[in-house]
Amino acid sequence: MPALDRHLLHRFGLLLVILAVGLGLSFVTDTFLSVANLTNVARQVSINGILAVGVTFVLLTAGVDLSLGSVVALSGVACATFAHPGDHTVFIPIAVGLLTGAACGLVNGVLVTRGGVAPFIVTLGMMTIARGLALIFSGGRPVANMSSELTSLAGDFLGVPIPVLCFASVATGAWFFLRNFRLGRHIYAVGGNENAARAAGVPVERVKLFAYGLCGLLTGLAGVVLAARITTGQPNAGQAYELDAIAAVVIGGTSLAGGVGTITGTLLGVLLIGEINNGLDLMGVSSYFQAVIKGVIIVGAVWLDRRQSRS
Amino acid sequence: MLQALELSKDFGGLTVLQPTSVDFLPGEVHALMGENGAGKSTLMKVLAGLYRPDGGHVEWRGVQADFASPHDALVAGIAMIHQELMPIPDLTVAENITLGAEPCGRFWQINRPAQRQRALELLKELEANIEPDRLMRTLTVAQTQVVEIAKALGRRADVILMDEPTAALSEQEVAALFRSIARLKARGVTIVYTTHKMDEVFKLADRISVLRDGRLVGTSPASELNPAKLIQLMVGRELADIFPVRLPPTDEVLLEVSNLTREPAYRDISFRLHRGEVVALAGLMGAGRTEVVSAIYGLQPATSGEIRFKGRPLSLRDPQDALAAGIGMVTEDRKGLGLIPALGLGQNVTLTALREFCRGQMIDHKAEAVAIRSRVAEFTIKATSPSQPIAQLSGGNQQKALLARCLLGDPDLIILDEPTRGIDIGAKAEIYSAIQGLARSGKAVLLVSSELPEALSLAHRIVVLRRGSVAATLDAATADQETVLRHAMPL
Amino acid sequence: MRLTPRPVAGALLAACSLVALMTAFSGCKKTEARKPGEVLIGFSSRDLSAEYTAKLSEAVVEYAKTKPGVGLVMVDAQSDAQKQISQIENFISLKVDVIILNPCELEASTPAVDRAKAAGIPIVLVNQVTKSAGNAYIGSNDVDAGHIAMEAVAKKLGGKGGVLMIHGIMGTSAQLQRETGAREVFAKYPGLKLVDHQTASWDRAKAMSLTENWIQAHKGKFQAIFAHNDEMAMGALLALERAGIKKDVYVIGIDAIAQALTAVKEGRLDATVFQDAVGQGKGSVDAALLLARKQPCPKENLIPFQLVTPENITPFLK
């Protein structure tokens, strides 16, 4: 079963890279391999992870979403605005944050499907529009004074950080969805060959709209989690988050041309990026070198991986 | 001159080419014959540097040649025309023909007039009337094929490998191609050729090599073979008449098309289709056949006219409407409008009728797997596993998978646009019997076919299109090829 | 391509509505004819999404409103020096009388100053200097800020212990000068060790992640964190609180933004360094008006920093 073997090899290869980097780090630093630090890594990757899962859906349809970072900021600001102590129950700000994200995603989706504008352009526009709206709604200032109920979302539940739980359930849900739902199969079909999918009776427009909408909703969730974590809605938060998220997804083996990719791959990609960020801080590598090393590892991981799957 | 020595090739554990040795002589037309999956295309692709052999090697002018890429082979003088066309849709015909060998001026700038001139010459050699400034994407499949051939001719290659070059060509285009092949042969060029059309082989080939299941059965001069003997070598058994018996259709009208129009492709198209009936749309390339059936499937809706299905008028905006009404289609453009290359064979088969294997919105994997297994067996689709990416299968197996996809939704009207193009005789016979089976079970089939014997033997009636209008409706039992052609030719 | 009347009309309509839209969102000052004798100020703010800059910019706008016969056009460079240079070029073609520039970067914003000077328009720098001097500089010496903050740390630790430093965006003058000020203090107290230092790009979320990682890497080896601004200090504070070790670590930032002041009052953040945004904003408008009216103006007006601790917080809270 060559198809299956290749997938196993693919994931195995990336897993090896992650383990090798981890092994290296646990030799170089004496703290990397501690429960506390690994919890740390999990907590720090959860926001990028939620975004990466969302954007996996869009990339699978052969689209792209560049507005993630800005929509994170906008959702965070929207959430924080409704989260002052005593204003509303905690569900209102959460819902506002999620819906803000979903609305941005749906606008992207409508413009891509009905408007026929290239996803790159649509989401590039949304990137600056959402950033602008975040600044307008917040008056350019961080929206502070959030209720402790909401900020407790960044705390622990039974010893596990809640952002990690969010990420884990989002990833599990997405994995299950893509595997077991008709719409999930349709997403692969649309990304693999849009015209053939249409000819086979797949509702292409609806599928794409769903992918962008879901990506927006998850971006909203990331915005809420980030706001809870830094206890403010920051209009300038989330700069370049989309790049980290897309990098993670591509490292995980998802094709930018669409139709190929898995959530497990995305999960591994997110872990690798998080591991590198954490490791470089632990080792006290200077800021200048960090940027270079990160870039080299990202390109190198993808290169190794592609080389392996070709042979 | 060119020799394959003990060449072998594996794909993911499946040996598609056993160690095979063939030699090709200068100035000969050498036909490679065999069913789909017999290893013809693989052998050609190894010769052209597209695949690296897993065993053996290629000898070229007496030295071991190790072509790392098609470009290496091209430089050495070996060009290939692919079965799956590879044009660049947004370049012009001239740009495609001269791709990689553009005539350049002093500053490396492309010499446009020279480029155009070169393209014109090559097209003229093929007696093709294609404007060199047209965009590739505006061409029909047949014209695209001609351009691909012109491109290979332009490389002044000593060996030209042609994989199914005539699959999509009309009679005149085939004749023109044969004349250019004769000219090339006179120049000492070696032509390696695959086809599924028996008459072509005996008209053209000097020697024939037969492959079966990845093994070379033998090479012999064409004069020592006849069609029956050749088929026997290819399939390893004798084939009875491959066209099954037709039963008379019912009186119940299933589809009624009136005055269907979409200028400039076709106008005022009217015909009926009864349950139990097979109707073929015949006509030359560009007569509007594909466009008409695309309208009935909602792929490219007509601008006026009426389609009545099961007695009710049907408004078709996209294929979903057609499928919901009970109309299924296998498109002509397998690569562009058929396959989802990255999905497995099984998932391609169940794509259209996925709802049948769902509980609510969720896929019932067990039910799906059962359905896939039974369809793969029913249509004898050869694959290592149902999860094998469909892009790795041979053309005939891909076509059978797409037919299986279409039939899984149990449509009442099945539209088949060139269903046997580029597939071997065994697979053809299976598709023919599937078509008759459908008609017998009270469904109706609308067939588009460029092979007249096929259309005449399968269909009850033939609707001949000429330049977008219905020229005649003929009873297949009494019509012959000549009559059909007379109606199809522009006056 | 042939142009038929319909697309031309469509394009014109689109262009008109675009202009109308832009006018609706602009302050309208630009489009009105300038009254004779009115002084028009062009103000390019570094980044309105940063709280300190927003406060400073608001002070500039509000204060200019109180002056009769003064018009002000404000633009936001969004931390992009390239954008800022084009904004200054736009001011020059608008023929403003004087420019107030809140530079993005020490080096990269320098051409903006040179352009204005070449066009003969006086330019006031506020809060940050560039390589070329403006006609006046209103600001505070960031070296002092770093010095004041590290002195507070040294005093708290008794001149002995481990310190972590979180940089702003590397290469900005605030980052460079605040680091210089801090390093002066390290030189003075040999017992003070710089355990690790790293950038968090003025960003709260990044500073929080960085501090979490440091808690793992250097647990027990540091007693203070100095962040180059309050945003990052707040991030560090949150990380320490979550880890439950805030009581062991002294945290200080710079800028005295509202949230930081509240945190100091609540006893969560140990201290911040007050930079007088309103004072700087007002000072820059005063200087700009003097220059526009060709009156003598001091080259430099330094507004001092002040250390804010729970003991002296009240007057800063307003």
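In this document, chain identifiers A, B and C correspond to the written order of the chains, with residue numbering beginning at 1 in each.
Everything below uses one rule, namely that a contact is a pair of C-beta atoms (placed from the backbone, for glycine too) under 8 Å apart; a residue touches a chain by one contact, two chains touch by 3 or more.
Just so it is clear, the model here is predicted, and its values are computed rather than measured.
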item: Chain whose Cα centroid lies at the greatest distance from that of subunit A; value: B
item: Chain closest to the middle, measuring from C-alpha centroids that were averaged per chain; value: A
item: Approximate Å spacing (C-alpha centroids) for the pair subunit B, subunit C; value: 67
item: Gap in Å, rounded to a whole number, between the CA centres of subunit C and subunit A; value: 31
item: Computed distance of Cα centres, subunit B from subunit A, in Å; value: 43
item: Two or more partner chains touched - positions in subunit C; value: none
item: Subunit B-touching residues of subunit A, taken from the complex the two chains share; value: 1-6, 180-183, 185-186, 188-189, 191-193, 195-203, 255, 259-260
item: Touching residues (chain side subunit B, partner subunit A) in the complex; value: 11-14, 297, 299, 318-320, 322-323, 329, 331, 336-344, 347, 351-352, 354-355, 358, 361-363, 365, 384-385, 387-389, 405, 409
item: Residues of subunit A touching subunit C in the complex; value: 29, 31-32, 34, 36-37, 40, 43-44, 135, 139-142, 144, 154-155, 226, 229-232, 234-237, 239, 277-278, 281-284, 286-288
item: Partner subunit A, residues of subunit C touching it in the complex; value: 47-51, 54, 167, 170, 196, 198-199, 203-205, 208-210, 212-217, 219, 231, 234-235, 238, 242, 258-259, 262
